[in-house]
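Following are the structures in question.
In the two complexes below, chain A is the common chain; its partner is chain B in one and chain C in the other.
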Partner chain A sequence: MFLHNLKYEFLQNIRQKELIGWMMLFPIVLATLFYVAFGNIYEKEKVFSEIDIAVVEVTKDDIFNTVLDELSTGDEPLFNVKYTDRENAEKLLRDGDVLSIIYVDKEMTMSAASKGLAPSIVRSFLEQYTNQKTIITETAKTNPDKLEAVIKSLSNEIDCMNTKQLSNGNMDPYITYFYNLIAMVALFGSTNGVFSATRNQGNLSAIGARKCVSPTHKLKTTIASLLAAAAAQIVCVFISITYIVFILRIDMGDKIAMIYLSGVTGTFAGTSLGFFIGSIGRISESTKYGIAFPVTMISCFLSGLMIADMKSIISQHCPVVNKLNPAALISDLFYCLSIYDDYSRYIGVTATLLIMTVLFTAGGFLLTRRKKYASI
Partner chain B sequence: MQVFKTFMKIMKKHLRTSIIYIIVFLAIGIGMSLSDDKKTGFENSRLNISVIDNDNTEASRALIEFIDKNHTIVEVGNSKDEMLDALYYLRANVILTINEGYAEKLANGETDDLFSDYRVPGTFTAEYFDTQINQYISTINAYTTGGFSIEKAAEKTAVLMENEVKAEIISPNEKKDSSLLSDKISQYFNYFAYVIIMVIISGLCPTILVMTSKEIRNRTNCSSISSSSQLLQIALGSVIFSIGVYLLLTCSAAILYGSEIFSKNGLLGILNSFVFLIFAMTLTIFIAVIAPSSNVVNMIANIVGLGMSFLCGVFVPQMLLSDTVLNVGKFLPAYWYVKANNMLSGSNNEIFSNSKFFICIGIEIAFSVMLFCITILAAKTKRSSKSV
Partner chain C sequence: MSETVVKIENLVKRYKELIALDHFNLEIKEGEVFGLLGPNGSGKTTAINCLLSLLEFDKGNIEIFGEKMTPENYKVKREIGIIMQNVAVFDELTVYENIDYFCGLYISDKETRKKYVDEAIAFAGLESFTKFYPKKLSGGLLRRLNIACGIAHKPKLIILDEPTVAVDPQSRNRILEGIQSLNKNGATIIYTSHYMEEVEQICTRIAIIDKGKNVAIGTKDELKKMIRNTETITIEALRVEESVKKQINSLEHVYETVHSDGKLVIRCSGGKHNLIKILGILSENDTPFGRVYSEQPTLNDVFLEITGKALRDGSDENNKEEN
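Now for the complex of A and B:
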C-alpha cells in the first residue's frame, strides 16, 4: 500500500507541469546569468595581473627608469609601463587604458581615475622609492662609511613572508552565488511540501477529503506523500547541479557524488519546511504558498543569493542566524565540500539539517494529527 | 466603483510578498545610508588584517602600530574554521603571524621568515600587502645596517613612512563636479530597479489574474458595468498601487539621504526612476497576460527581475561586466536606467550631459511603448484563441 501511495503521490507531483517546468527552468536561467555576470569578475577584480601605468617624465631620472624596467620585466611583472606626455597620459587614464599616471619630477606625484588597490600599489611603490632615496642621502650625510652597506641592504630582495595555505579549494567568493542558487532550488521543495500537506487535508482538496476517509494510517500516507514531494524536487535539484557543474563547469570541487548527496539533504529540509507550513491551521492553500515562497526567498537572501557578503555580515553580528537558516546551511554543505579536506564540519551541518527535517515533519504531522474529515 | 473596490480587496490579500520586498529593501537602504562615502581625493585602500604577535617586543609592537595606521586590524579567532571563513568571506585579507625572534633576526640583518601568514594567494590584496611590508622591513633593515638599534630603526621607519606621495584623482567628469550624487544614493536608485519590478509584479499580477480569470470575467461581463469602465477601474487600481509604492520608496530615500535627493541630479534620478516605474507597470501587465497561472508568477518575476538586474549592472557595477554581457544588456531597459544613474553620480566613468541622459530616458520610454504594444497583441491573440 505504501508503494502504491508513493507512486501516485509522485505522479501527482510531477503533473504540476507548469510549476515543475519553471522550477527546472528557473535555476538554469539564473545560473547562466550568474555565470555571465560573475564569470570574469574574480579574474578581473581580485586576481593579480600587471598594472597598466603611464609615466610622464617632467625631469629625467635614470635610476627610477632602471627600477621601473626591472619591475616591468621578468616572469611576474608588477607594472606595464607606457612612457608618454601629460596630455596623452591623461587621455589614457580617462579611457581606462592605464590605471595610474606617475609624474617623474623632483618630487614624485601620481594620479589615478579612482581609488582602489592597483593605484594604492603604485603609490606604495613610489613611496618606497622616495624613502630609499631619503635614506641614502641621509646616510651619505651622517654616516658615509656605511653608505655602501646601506645601499646593498636596500637592494636586497626581501623574502620575509612564509605563506601557508589553509585550503586547496576554490576560494572565489562569487561561487557562493551558485551554492545559494542550488540551496534555493532545494528550498523550493517547500512548495511541494505545501502541496503534499494540503493534499492530505480534507478541507483543502478533494483528494485530501478522500484520503481522510480512507482506512490507511495517516502517518503512512503522509510519509509517502512527503517522500514523493521530495523526490520530484530532487529531480530539479539534480538538473541544476548537473547544469552548474558539468555544463557551466563551475569549480565546486571534485567530490561530485557528495555534491549530489548534499542536494538531497537540502531538498529534504526544504520539503519538510513546506510540509510544516502547509500543516499550520486552517488557512487557505494559496496563503500557505504565499508564506512558503517569501520564507524561502528571505532564507536565501540572508544566505547571500542577492548579496554575496550577507552571510559574512550576519556571522559578525548575529552568527546564530547562519546556524539555523536552512539556505545558509545548505550552501555551507557545498562550501565545506569545496574548501575542506575532511568531513567534520560537513557532518555537523548535515546533522543540523537532518534534525530540522525531522522536527518539521514531526511538527507538521502533530499539527494535522487527529484532524479527521468530520472534525475540521 | 465596484470593480475598483473589489480590485483593492483582492490586492490586499496579495500584498504579503510585496511588503516583504519593501521592508528588506528599506533595511538595506538604511544600512547604506549609515555608511560614509565622501568623494574626496585619493586615499590608499585599507585591508583587513589579522595579526598574531608571537614575538611581543617593542619592534613587533611598532610593526602592529604601522599596520594599524594603514589598515584595519580585525580579530578572526584561532580555529581553522574561523580563519578559513574569514579569508573566504574577505573579512580578513591576510592573517599574519609575527614569528618569535622577529626583533632579534631583524637586528642581525636577517629578513627571511619573519612572518608566516594565511591568505588567498595571487590576489591584488596580497600583492599590496606584500609591497608595504617589504617596504617596511627593507627600511628598518637599512637603518639597522646604518648602525641604529632595532628600536631606533623602527621609530625612524615609522616617521619616514609617514611621508606620502601626493596623489590625486583625475575625474572623468572634467569639472570637479560637486553636484554629483554620492555612491550610496546611486546604489539606492540602482537597487530600486530590481525592487520595483519585484514589488509591482508580485502585488499586481496575482490580482489582475484573479480579475481576469474566466469565471469572474464572464460574470462581470454580463453585469451592467461597461467593459471600458471595468478596464478603467482596474487600471486606476493598478496605477494607484504603483504610484503608492513609488512614493513610499522615493520619500524613504528623501528621509534617508536628506537634501541631496532634492539637488538637480537627485531630481533627475527621481525622474529616471519614475520612467522605470512605467516600464515595470507595462512589464507587469505583459506578465499578467502571458502567465499561465498565479503559481508561477513569482518565479517569472524572479527570472525577469534578477535576470535583468544581473545583466544590466544593478547589483554588479557595469564596469565589471564583460562586453558580451553589456551588449546583451543594451537590449534591456534596466541597462539604460543604470547608465543614466551612473551619469548622475559620475560612477563607472560615465560623463553627464543633458542629451545623453535624456537619450537613456527616451530609450526606457521606447521600451515601455514597445512592450505595451506587444502586450495588446498578446492579449488579443490569447482572447481570440480562447474564443475559438
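Now for the complex of A and C:
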C-alpha cells in the first residue's frame, strides 16, 4: 500500500505544470543566462591568465633569465615578462600594466601593488629559485652538459607548483552563481513540501479530508507524500546539475557522483523546510506557498544568487547566518567538493543539512499530529 | 429489527462563541437513505465532519457500527465512503488513476482493487473518460468522478455532502439514481443537501437541522403531518376586496390569507373541498381571477413552520449560481 501511495504521489508531483516550468525550465534558462553573461569574462581570464611582471636587472643573472624564459614561453606561460629599468617598471606597476616587479640582484627582491594570488606566485617562484640556485650553479661548474636539463626541471617544478596552486578547484567568483542556482532548485523543493503537508491535512483541502477518513495511517500517507515530493524535486536538481556540468561544461570539479549526492541532500533539506511551513498553524494553503517561496528566495539571496559577494559580506558581519542558511549550506557543499581534497568540511556541512532535515520533518509531523481542525 | 449504523448523542461543537452543534442527536438504521436537510450554516457539514472524526467536538458521543468513532478506528473507517461537498480529486491524475489511488487507501490487493475500480467507473458512467484529467471533464462528470472515488471500495456507510452542487439536471438525475442503486445494494446512505426536492425524492427518513439542532425527524409524510398546513391554494387575482379576504379567512379550515403581487395565497389546515368553497366566495363577490393552484405542503413549508424561516434563506443566490 505504501508503494501504491508513493507511486501516485510521485506522479502528482512530477505532473505539476508549475514544477516543469519553475523547477526544470527556469533553472536551465537562468544557468544559460549566467553562462552567457560570464562567458566573456571566462574567455578573458583564460587568455590573460599569465601574470604580467616587470624585471629590473640591477645585475645580470643568465641562469635566472633562462628559467624565466622557460616559464614565459610555451602554450600556457606562467609569466608575461617585460625587461625594463626601475623607473619604467614602477610606472608600469602604478598603471596596473604589471602586477609585480622583480629586482635581479645578488639577492632577489620584488614589489607588488597589492596582495593577492599573482604576487604570492611571484614570491614563491623567487623563493624556489633562490633555494635551487646553488644546485644550478654547482651543475654549471661540474656537469655543464646537464645544465639545460636541470634548468628545465626547475622550471617545470615551479610551473607545476604554481599551476597546482591555481587549479586546485575552480576558484573563479562566478562559479558561486551556479552553486547557488543548484541550491535554489533544491530549495524550491519547499513548495513540494508545502504541497505534501496541505494535501494531508483534513482542514486545508478536501483531498486531505478524504485521506484522513481513509483507514490508511496518516503517518504512512504523509511519508509517502513527502518522499514523492523530494523524489520529484531530485529529478529537477539532477536535470539542472547535468545541464550545468555536461552541457554548459562549467567546471565543478571531478567528483560528479558527490555533486549529485549533494543535490539530493539539499533537496531533502528544502522539501522538509516546506513540509514544516505547510504544517504550521491554521493558515491557508496559498499563504503557506506565499511564505515558502520568499523564504527560499531570501535564503538564496543571502547565499549569493544575485550578488556573488553576499556570502562573504555576511561571513564578515554575521557568520552565523551562513551556518544556518540552507541555501548557503547547499552551495557550500559544491564549494567543498570543488576546492578541498579531504571531506572533513563537506561532512560537517552535510551533517548540518541532515540535522535541519530531521528537525523540520519531525517538527512538521508534530504540528500535524497536534492539529485540531477549527473549521472545515 | 435493523441495526443502528450511526448513533450521535448530545453532540456539542463550538467555534469560539458560535455554537455549531447544540446537543445534536441522531440515530440512523441500516439500509436507510437518511437526509440531513438544512440551510447553509445550519450545522450539516459540521455534524458530518464530527462523525468522520475530522473535527474534534466539545461534548457528546458518536458510534458507528456500534463502535466509538475515533481518528484511529481504522476498522470502522474501512467501511465508510465519503463524497465531500468540494470535489476531492487530484488534477494531476487521470480519472482511472484517481479512483485507483483512493481505492488503494482501502484495498491493498491489486486484483480486487482493479475489479472494484472498473466497477466504480462503470457505476459512474466514466468508461469513455478513464484517461482524461479532471480539468478536461464537465462539472457533472467531475462530480461523478468524485463519487466514484468515494464508493469504489464498496463501503457499507456512504456519506454524501451536497454531491449535486453545480451539476446539470441530467447528471443530477444520474447521481440520484446511482445513490438509490447503492442503497439497493446494501449501503446505508447519509445525504446532506439544501435541495429539498432531492431529499424528498431519495431519502427514506429526514432530519431537519437548524442552528445546530435537530428540529424535526421522520419520513417526509411524518414531517408534513407535524405542521398545521395541509394545503396551499394560490389564485391569480389582481384585486381582492378586504371583505372578500375576510370571508375566505372565516372559512373553517383556512388559517391564513395573504394577497400580494397579484396573487392570493390561502393556507388551509385539514378539511375537504377548500378550493371549491374559496372559488365560490370569489364568484359570489364578482372577483375576477385567473389561474388556480393547489399544492400539498413541501419540506420548505415544514421548515418554514418549524423554524419560522424559509429553508433557502441565505442560499437562494447560491442556488441560482449553481444551477
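The criterion applied here is as follows: the second predicted complex is superposed on the first by the 241 of 376 C-alpha atoms of A that agree within 3 Å, B and C clash if a C-alpha of one lies under 4 Å from a C-alpha of the other, contacts with A are read in each partner's own complex, and residues count from 1 in each chain.
In this section, contacts are C-beta pairs under 8 Å (C-beta built on N, C-alpha and C of every residue); 3 or more make two chains touch, one makes a residue touch a chain.
Predicted model, so just to flag it, every value in this text is computed and none were measured.
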item	value
Chain B versus chain C as contact partner of A:N88, first or second or both or neither	neither
Which of chain B and chain C A:T73 touches, first, second, both or neither	neither
Contacts of A:A113 with chain B and chain C, given as first, second, both or neither	first
Partner chain(s) touched by A:L33 [first = chain B, second = chain C, both, neither]	first
Per-residue contact with chain A, leading partner among chain C and chain B	B
Touched partner set for A:K311, first chain B, second chain C, both or neither	first
Touching partner for A:L126 - first (chain B), second (chain C), both, neither	first
Contact residues common to both interfaces of chain A (with chain B and with chain C)	16
Chain B partner contacts - residues on chain A that touch it in the complex	16, 18-19, 22-23, 25-26, 29-30, 33-34, 36-41, 44-48, 78, 90, 93-94, 96, 101, 107-121, 123-128, 130-132, 134-135, 139, 143, 146, 149-150, 152-154, 156, 158-167, 171, 173, 191, 286-287, 289-291, 293-294, 297-298, 301, 306-307, 309, 311-312, 315-316, 335, 339-340, 345
Chain A contact footprint on chain C (complex, rising order)	15, 45-46, 49, 52-56, 71, 74-75, 77-78, 80, 82, 84-90, 92-93, 97, 100-102, 104-106, 108, 149-150
Contacting residues of chain A [partner chain C, same complex]	1, 4-5, 8, 11-13, 15-16, 202-203, 205-207, 209-217, 221, 372-376
Touch list for chain B against partner chain A, complex	13-14, 16-17, 20, 24, 28, 42-45, 80-81, 83-85, 87-91, 99, 109, 111-128, 130-135, 137-139, 141-143, 145-147, 160-161, 163-172, 292-296, 298-300, 302-303, 306-307, 310-311, 315-316, 320-322, 324-325, 328, 349
